[in-house]
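Structure incoming, see below.
As written, the chain order gives the labels A, B, C, D and E, with residue 1 at the start of each chain.
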Amino acid sequence: MSVMEKTAAARQAEWKPKIIAFCCNWCSYGGADLAGTNRLSYPANVKIIRVPCSCRVNPMFILRAFQKGADGVIVCGCHPGDCHYSTGNYHARRRMTMLFSMLSFLGVESARTRVEWVSAAEGARFKAVMDSFVEDITRLGPNERLEDLRCKEN
Amino acid sequence: MQKIGVFVCWCGTNIASTVDVKAVAEAAKSVPGVVFSTDYQYMCSEAGQNLIKDSVLTYGLTHVVVCSCSPRMHEATFRKAVASIGMNPYMLEVANIREQCSWVHKDKEVGTEKAIALMKAAVAKAMLNTPLTAGSTPVTKRALVIGGGIAGMQTALDIADAGFQVDIVETKPTIGGKMAQLDKTFPTLDCSSCIVTPKMVEVGQHPNITIYAYSEVTEVKGFVGQFTVTIKRKARYVDESKCTGCGACIEKCPMKKVPDEWNMNLNNRKAIYIPFAQAVPKIATIDPAYCLKLNTGKCGVCSKVCGTNAINYEAKDEYLEVGYGAIVAATGYEMIDVSKYDEYAYSNSPDVVTALEYERLMSAAGPTGGHLVRPSDGKEPKTIVFIQCVGSRETEDSCHGGKPYCSKVCCMYTAKHAILTKDHYPDTDIYVFYIDVRTPGKLFDEFYRRAVEQYNVHYIKGAVGKVTPNAETGKLDVQAADLLLMEQLQIEADMVVLAAALEPHRSARPLATMLTAPMDTNDFFTEAHAKLRPVESATAGIYLSGFCQGPKDIPETVSQAGAAAAKVIGLLSKNELVGNPCVAHSDEWMCNGCSQCENVCPYGAITYEEKEFRMPDRTTKIRRVASVNPAVCQGCGACTVTCPSGAMDLRGFTNQEIMAEVDALCL
Amino acid sequence: MASVYQVTKEEIEAISGVNPLKCMRCGRCTATCPSFDNMEYHPHQFVAMVERGEIEKLVRSASVFKCMSCMACLERCPRQVQPAKLIEAVRLAVIRKQEANHLRPDDLPALVDEDLPQQAIVSAYRKFTK
Amino acid sequence: MLYRISCTEMDALFAALSETKTVYLPADREDGQASFVKWTEGTALSNRLNTVRSAKDFFFPQIQPLARFRREGQKIEITDLREESEDFVIFGARACDVRSFEILDRVFLADPVDTSYQTRREHAAIVTMACARPEETCFCTAFDIDPAKPADGDVRAYIADGYCYLEPLTEKGETLLAGAGECLEESDGAAVEAEAGRIRAILEKLPLASLKPADNREKELDVFNSPKWEEMASHCLGCGACTFVCPTCQCFDINDFDSGHGIERYRCWDSCMYHDFTLMASGTPRLTQKERFRQRFMHKLVYYPIRYDGVFSCVGCGRCLRKCPINMNIVKVMKELTGVRPAGAGEEA
Amino acid sequence: MQRELINRARELLADGTVDRVLGWQAGQFAYDITPAVFTDAGELEAHFVYNEFCADNLSKYLIKESEKEGKVLAFLKPCDTYSFNQLVTEHRIRREHVYVIGVESYGKADVEKLRARGISGITGVETVSGMLKVHTMYGDESVPLNEVMLDRCLTCKSKKHVVYDELIGEDGDVVADSGRFDMVEKLERMTAKERFSFWQGELSRCIRCNACRNVCPACTCENCVFDNPGSGLQNRAARDNFEEKLFHIIRAYHVAGRCTDCGECSRVCPEHIPLHLLNRKFIKDFNELYGPFQAGEVSGQMSPMCAYTETADPEASVVRKGGAE
């Protein structure tokens, strides 16, 4: 028991949030690139996965990220009305709303998941969104309600 | 067995200053699947590309991961490079360690650590990459233009001039559209029909253009390059091949009381008619709603007088099925019904007219021969009030619920009407009530100023509250406000002209449904990209020309028509279309035919078929399964998520690939 | 000078449910207003004044009570701004802030213009006795 | 020797046993069912006839980690995750469940021995509780189990007259009760005999009292080819509820989980009702639900008896009768299969 | 009622309208009803049953039955008709191969509730004016039916048959005040931590027998993602708390917008996990965020999961307004 506690405490101490950001190829990934071009720094624990459109993000990707140790997952897409595929982000919006609502219903902290619209011209917004998301997750602490202990061991 | 090569770019100091590129290359060596890794100053340079190519050949690499700048920058470069030595370009992945790493992190340790993570994710994805080849479909070298107005004609002419066959489908008996009804054009005051009728003739005589006038599109099947369209040729009751357009039938037709829509119903025509003298094709048409022979069985005069035996009362609608490679929507506009604006008394007084009616009253080919008179008593008007923005710029929740957009051309044509009126009848008093005068355009503001300064047209910032026909005076009592002088005005007008809002033609919405082309709430076709692809629909192979995409004047329409034509020519000049290989595909064994994917596909790329399957227990079974048309699919992936069984997956971004990235990044 | 009424723009907007920002200054309300001649401020000005927060001027103006509530401005407005509701709201605010000191019938003759239509007088009564 | 303890003092008994061993016992849950839980102060023994899941979980848990593989450079490090069991007591399992251990033993303790099963079996002491209130779903008597006087386990127990009577059946049982210390008092067998008699009277009246499994060992193929399977299986949903609540179902699958840090190999229950059961490179050998359904009952009623001297792989606990979503169960199958005639005979009937 | 159903089924078989009858077959006890297909009058007379324990939603069986030649008669309760419509919408049932008779149902009894009351050794059950008279080996008990009804029947959303070719018994109405979201709301009012421990307690009992999935009329995939090694979700049993949640989240998510709230999942759960609450949460969210929607109400309607509106849809952050963490 005490060993377990110790590991937990140790885990807590050296914990840094892990954040997965799904970015659509046409807007948000471009926004992230622009943040880079403009040297707008944001925390390094944000790791971006490029998807063609926010509507490509399957709820199971998000759950998988949490299982594998992510502390927060954010989905970024084009602003409503600007989707490269015209309607993808509308689908993403509903799907993510429903998924997040279910996660919250199961008691997972609702701030662990987010959808944000970031255009390819919004490098500054990308940075601001990531800063604030990392801050939220840091405040929440490690993801314990959707963790898979097997993936946490080191 | 995958043999992956990892190539880490320094990008000069862009990457190397914040990321220890040697450490990244070294870390790659212990990643399962990686057999070779190295770093280099500029991977995108020719020397860098050669390094990649040589290594692929030397080490027999099956997959390549380049850790460099954003894939939006050089993915295509590197893919081309590996393709040049025979590797499938989709076996290459790019890890973005510049824009998303070295440029946003300052600490080298942090940067290196993240770069390694990004490299591992790219390797994890590359591991699962399979060769992708884009499919191709042949292109039918024929275009369909729906609408024979100036937009449709110009598009058709430009396509036809490039050597491709074009068909125009026009619902009216003649092409020419609204422009043929206009008197003059702003701001140059050219005679509208003088410039449009030669175009009509050119279209009519062009060897590559076929006009299906008095026809409608009733069904559209297929996809880009391979559309099959059903065209309904409405019965004219006149044999097109025989009619010479001599007009004898029209002269003798006893049914004289048919409102003449060509003249905005300001006068009457016969039951058999040619809309106007320059109509193309110049063929008579029997109006089945009014023809005595068709309705009562008695008459038949036209048949008797026709020298070529062209009249056929038994004619039926005919349906043609034609294949096209591209379709252009050029359905144009119409004016909204202004009768609901009862404060303007449009329904109560013939002297309240819409701008298009005024246009006909001014036209030499119009009902009055170009003599401007009041429809009520035929007297020349002395005081005319023009009311702007009738039905435009209104919110949906307002009492009349007009159009939220600005119709764009009203300010200019009102100035034109005012100038022309003053030109012909200098002693007329003209009041224009405006909210804003919008004149962005070449020589537009100058034109408007001319109306004010040279012609002394009274432009009043304000609005008309009420128009009351005065039975005693026979005039129209106009109550209005001048907001600048803060006065309420009472004007005794002879005529009131309403600048009614223009709306997309009523045929546009059903057409959009047939084309599976997206539309906005105002029934304008939505362009594929508001800035960069303004003449294309999001649905591949559908192009937009003229007002159907948004309000525009003639020169804008003509430019867009040409632009749409250029896009069509670009498409038709290809023998086949090479698609994007990153498209969805359905595993037929897992699909259960629920149709959810079909519901979310924005391109109509998914269809269902009943297919016979040989089941594992050796029975055969008919199953309903989804099938994706790779020529139409654009690869958004909406269907993959909606599919509960996971039968639908997206090539290049498969579920497994994305999850492999997730796994690698979460470590 | 601090207003004796202390009515804020926000209150007027809340009471009326009107968003004055929707106004595009077309003037159809003013053009149609039958009380135009009796008013110091006209419907579109009401909207503009509320938008700018010049409530003080409005509440002090007799114009508020010259509106006949015929709703023509509401009917004509192309952007559903509903100036009459705004005027009604100002009136209400004035009455509410006066608390018990509502205008009494006796006070009325002094305020009523001879030329004012009967309709306006009746509607004014209705408002004062809320 | 027979001991007894007042039902009001059971906590003392459990506390005494818990000093050296972990004690598991059926306890009531909020939803009106019972499950085995670890005893802690205040945990009361349930009166319910049976737990939702059977007692096989103690020896053959649903999930059991086997090994961990880690890669360090070119080396692969393998860690055995199977743990040596500590001593524990299963207090209050019913006779049917306890008989099921014997059925599992034949499989898991045969060569090659399942060591993890073995160590758990060795460390367990079992207290079998007589069934004071058998239910309509009970048919253990069909398999010669006597819930009125349980023969299996280390200790036989009764609850009667406000006392819990305990009778050691094995040395292990004697040691166990000896460890209970002073809270037990010796007793004569009168109350127990009376209780057993009372239970037997009930057993005779059970709706399924006359059920007897047919010995179809000689008619394996005839049973296999019986046309009745088709109909019986026609509405089977192919879920695994029956297999997972069954005390004698013993099939498992071995899977690997990639945690990102390495591979964890574990075994978990599998169900022959699933379409991907025993899936091989060439596909599944049982293509339709009829074949899977048949497999389950053939195994319990024919294959197992063939292999193990006529012993059936069913203990009549009745769990599948309660839990099958469509109420198709082994009793209905047994009834259908009684008197299966060789193929070809009696077709005209 | 049972007599009427048998008579009508015999008529329809006799006049050739239908070739088979999908109904309920009596078991060994009053309550162990099995879905069954009957092909002649004799079978119907001998085995067909319709009583207060005929809870099975027969619509899912029609997927298989309607693939066959000929026409099958199916008896559907009001809740079953919703599932039927939904399956027709999803092209899983060939409507023209089914003759639907709507049967009246005012709620089915839950034998597990009788047992939870300590009533055991049940040998027979009779219903007399709203009371269940239960004969047991240990004496007779009498229980009001509405106290031992299935949970889903206590919060029945509709007693109306939304599709049928003919009706036996009376058609009811949609129940406006079913209270079916009460428990969801109660959970919503809890803090996230409380909700977490509630679900942890419930879901940890899951034995992954897949009864909930396999009985569900919305779960009709040829190969479920949880059985598919290529899906990345394949999983036989929950090794970790995460996997318990994963299965149930994805299960509920995959049927969201298609789930008619028939309640079969909770009915068949051997561990009595209130799985329908997950589905109802989705239904409640759809209703509140995107407008009222009842899957299966009309055949051919599109799931709100596939639909969208450009401006009226709230952003995903709406979830965060949902209460305490």
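Observations on the structure shown:
Note that in this section contacts are C-beta pairs under 8 Å (C-beta built on N, C-alpha and C of every residue); 3 or more make two chains touch, one makes a residue touch a chain.
Please read all numbers here as calculations on a predicted model, not as lab measurements.
Following the contact convention of this document, no chain is adjacent to both chain B and chain C. Looking at chain C and chain D, the chains in contact with each of them are B. Relative to chain E, the most remote chain by averaged C-alpha coordinates is C. Pairs B-D and A-B differ in how many C-beta pairs touch across them, and the larger number is found at A-B.
Chain centres here are C-alpha means, and the one lying farthest from chain A is C. Chain geometry summary: the mean Cα position of chain A and that of chain D are 46 Å apart. Measuring from the averaged C-alpha position of chain A to that of chain E gives a distance of 36 Å. One inter-chain figure worth recording: chain C and chain E are separated by 60 Å, centre to centre, where each centre is the mean of the chain's CA atoms. Look at where the CA atoms of chain B average out and do the same for chain E: the two points lie 47 Å apart.
Residue numbers of chain D whose C-beta contacts span two or more other chains: 257, 260-261, 264. Looking at chain B, one finds that residues 600, 642, 655, 659, 663, 666-667 touch two or more other chains.
Touching of two or more other chains is recorded for no residue of chain C. By the definition given earlier, chain contacts exist for A-B, A-D, A-E, B-C, B-D, B-E, D-E.
In the complex of the two chains, the chain B residues touching chain E come out as 589-596, 599-600, 608, 621, 624, 642, 644-647, 655-656, 659. Taken in their complex, chain B has these residues touching chain C: 343, 389, 393-395, 397-400, 402, 433, 435, 461-466, 479-481, 483, 486, 488. Contact residues on chain E toward chain B in their complex (touch as defined above): 67, 89-92, 220-225, 228, 230-233, 254-255, 302-303, 305-307.
Of all residues in chain A, those touching chain B in their complex are 18, 20, 25, 29-30, 32-37, 39-42, 44, 47-53, 55-61, 64-65, 68-70, 84-88, 91, 95, 127, 151. Listing the residues of chain A that touch chain E in their complex gives 59-60, 63-64, 66-67, 80-81, 87, 90-91, 93-111, 113-115, 145-150.
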